[in-house]
Amino acid sequence: MIFRFRQPSVLPGFGLTLGFTLGYLGLIVLIPLAMAFTQAFHLSWDQFWRTVTAPRVLASYRLTFGAAFLAATINTGFGFIVAWVLVRYPFPGKRLVDALVDLPFALPTAVAGITLAAIYSSNGWIGHALEPLGMKIAFTPLGVIVALVFISLPFVVRTVQPVLEDLEAEVEEAAASLGADRWQIFWRVLFPAIRPALLTGFTLAFARAIGEYGSVIFIAGNLPMVSEITPLLIVSKLEQYDYSGAAAVSVVMLVISFLLLLLINLLQRWSRIQRGWETVI
Amino acid sequence: MNSSLHPGPASLANSEPPFIRRLLLAVALIFLTLFLFVPLAAVFYEALRKGVGVYLAAITDPYALDAIRLTLLSAAIAVPLNVIFGVSAAWAIAKFEFYGKSMLITLIDLPFAVSPVIAGLIYVLLFGAQGWLGPWLTGHGIKIIFAVPGIVLATVFVTVPFIARELIPLMQAQGTEEEEAAMVLGASGWLTFWRITLPNIKWGLLYGVVLCTARAMGEFGAVSVVSGHIRGLTNTLPLHVEILYNEYQFAATFACASLLTLLALVMLALKALIERHTLRQRRIAISGESI
Amino acid sequence: MSIDIQGLYKRFGHFVALDGINLTIPAGQLVALLGPSGCGKTTLLRIIAGLETADRGQILFNGEDASRRQVQDRQVGFVFQHYALFQHMSVFENVAFGLRVRPRACRPSDAQIRDKVQTLLELVQLSWVANRYPSQLSGGQRQRIALARALAVEPQVLLLDEPFGALDTKVRKELRRWLRRLHDDLHITSVFVTHDQEEALEVADQIVVMNRGCIEQMGSPQEVYDAPATPFVYQFLGNINLFHSRVHAGWAKVGGLRVQVPEHDDAEYAPAMAYVRPHDIDVLREPEDGDTTLPATISRVSLLGSLVRLELTQAPSGEIAEVEMTRERYLADPLQAGDLVFVKPRQLRVFLYDNSRAGSPVPMRWSGDGDGI
């Protein structure tokens, strides 16, 4: 067949808008991002490998990915309950609570960081209460998790909420009429419908938490090998003018982020197929 | 996105026993209290702890005012740029069929997946003194890194997807029939855009602008890397907060933080208003179908 | 204005939407493009409007090539399937839009626009909704406003894409008659797309039956119904009975029945299909002399208001046939299920297999909404 880049249309402006879009993306996003790769490849493969697998760097990966994973897991559980409650149960102040769920998206991360550090430190409101139990949160790896839970809190809620809203009551009623009890209805009817959204929310939260910087550095304590996250490591390499080292570690993070982005897209597509919006091609 | 058209359980068959409902509600509210409400209250408590005088002094400090000005300036540049980008990308993606469309959508999302620190780093690598264009820029006396242009660029980078993401699904759902109808009636392309498309997407656009503005004003990581933290020159309000914090001026820190928090709350309120408006429109549209 | 379409060809990816369309639409007529989903009728309409471009072929408006003319300059009125009313404009502004976007030099004054819109709203009997918004109108009202909007620019041609597709049956029927009357008043060359044969038969002056990107037949409603040119048209318009048949030297044999088919004089033992309309069959109690009747058993009798439908099973083959007759005729001699009868087709068309392009020889009734192409 004749290869055609696009289907013809009477609407004008395709060339202009696509050209501008690609140019803008290229200049603002793609070319600068390519710089990280070219800079990293100033290093020989050996140097690159040594840089990205140095003990301090490895420790930072462990903390960053471990804390991000835990935070995303915590948010998946609680975010699901929050979404469920917001969609299904009436309670006073619901609209306000619903609006405030987005606060972590709107609040500057630095503000989140200093505030969490203040309340979870040993003389803060919550830290004070936890200290007799022997739990220290601020300036420990636990603090990192707290900060990441905060900044990635809305993702699961906001991906699960619309799916819960769209669920038709008839489906549950049908299940009930067929003799299923509440628990069976939940596990066999509701949960499978929500699962893709839950997974998408988890992945989004995870991806966001990996890259987080602003909130974490205030509450983490930033001890190398203990509570130093990878983005901070990149910044400190940069401050020592170790551009190639910073770029090398960035490349590792970028590749992981791209893979996650790909996964998110696949998941979203899968959930659309599950909900019958799109057919498998 | 957050209010249901048919709220609450539809029938008795679908509701849990009361103690389970109360338990779930309690779990959700305790979680939100620990991670959302307490921090929110703490910002204002800490800000006003030393009295209103200290608070006012902190936010009228010349450096604070400079930081506010720079924050507003970078948002005032980044948001319009991303509005043009978002509208243009959404027009190309939603109104036309072409190869590589889903790839393009993924690329637009890319800045969301990149750590803000890396966003800052890549501009340093490109424009910094030792960067690719560094020598040329120095030769021509242009300063980008550790200067205002770098801050604007970093802000633009992290906010690229916001408006496009709102508009693409909206315009895809609206299709092209109204535009085609306008063109059959003799309207030119521009006229069709201004008179038909823009009014149809204005609420979605506004929504995107609110999200974009909130992020642009609050961005910390990317801006921090390219700023150089020069007081009065390259400090945005979030960076100013950091400096005050590191100097142990907690009251002033939280005073400035409370400004940013207020801003965030205003954005959330605007967002909720827009959501309510679009929901109402959707309801009208749905009830209109059934006349 | 007359429209001449010459050798139109259009493909979407691998899908051939239009495969060499030649068609003349005479000035002042109301023409229906009729066909199943995906037959290319909407694509043809959109190409006439200038909303799509053909890969090959020409469109002449009054003998003048319009293929290169932009959609804005074609002077067509287009009514979209889902109306495409501008949601953010009042009904008045919707109708006025085409006048307001004219270049300043030929734009009417505000007063003229007001008069014109008022006249049009009266024409569609909706002057009382001028200040409402499209979302506040019913489907039928939206449809009429869409029509008023299309007429505001005084088009040379009016094109309607499934104009009644999204409406319920009652409103549909009303609007159908209303459109016919409107056309009789305005005499503007009009083309509308439909998949509903009843709609086409009732409203149109001429029907163009399309299938798989080709035109099967064009003619008046009576012509296409009474003298279908192809098996497809036979099956698409109205109900039919199909009988397996064999044709030899100008005679078709259907079961025990022999029918003369002079058009197939040179066929030799060729397999064929015989098409009979349910109302073109006589049901007799006794066989006639010669091979003019077929024995069958009545398996079911349904009284459908003014019509009675009999379901017959042919004795040897087990093939099922449907017969329709008027109520009076049935009551004159009420047949019962189980009765042995003899059927006699009054009119029967035979198509040889090899020149039948209709595909599966199964009676089909098309339904569905829009063809989406």
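Going in written order, the chains are labelled A, B and C, and every chain counts its residues from 1.
As a working rule, contacts are C-beta pairs under 8 Å (C-beta built on N, C-alpha and C of every residue); 3 or more make two chains touch, one makes a residue touch a chain.
Bear in mind the structure is a predicted one, so any value in this text is a computation, not a measurement.
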Task: Quickly list, by label, the chains bordering both chain B and chain C.
output: A
Interface ranked first by C-beta contact pairs: A-B
Farthest chain (mean CA position) relative to chain A: C
- prompt: So what's the Cα centroid distance for chain B and chain C, whole Å?
  reply: 53
- line: chain A to chain C, mean C-alpha position gap in Å, rounds to 55
Query: Between chain A and chain B, what is the separation of their C-alpha centroids in Å?
result: 16
Field: Sequence positions of chain C contacting 2 or more other chains
entry: 50-51, 71
Query: Counting only residues that touch at least 2 other chains, which ones in chain A make the list?
result: 7, 10
Message: Two or more other chains touching the same residue: where does that happen in chain B?
response: 180, 183
Field: Residue numbers on chain C that touch chain A, as the complex places them
entry: 11-14, 50-53, 70-71
- line: Contacts from chain B onto chain C in the complex sit at residues 177-178, 180-188, 191, 195-196, 199-200, 284-285, 288-289, 291
Statement: In the complex, the residues of chain A that touch chain C are 1, 7-8, 10
Task: Could you please specify the touching residues of chain C with respect to chain B in the complex?
output: 49-51, 71-74, 76-78, 80, 82, 84-89, 97-98, 101-102, 134-139, 149-150, 152-153
Statement: chain A residues touching chain B in their complex are 5-7, 9-14, 16-18, 20-22, 24-25, 28-33, 35-36, 39, 78, 81-82, 84-91, 95, 97-112, 114-116, 118-119, 124-126, 146, 149-150, 153, 158, 161-162, 165, 169, 172-173, 176-177, 182, 185, 207-208, 210-214, 218, 231-232, 234-235, 238, 241, 243, 246-247, 250, 253-254, 257-258, 260-262, 265
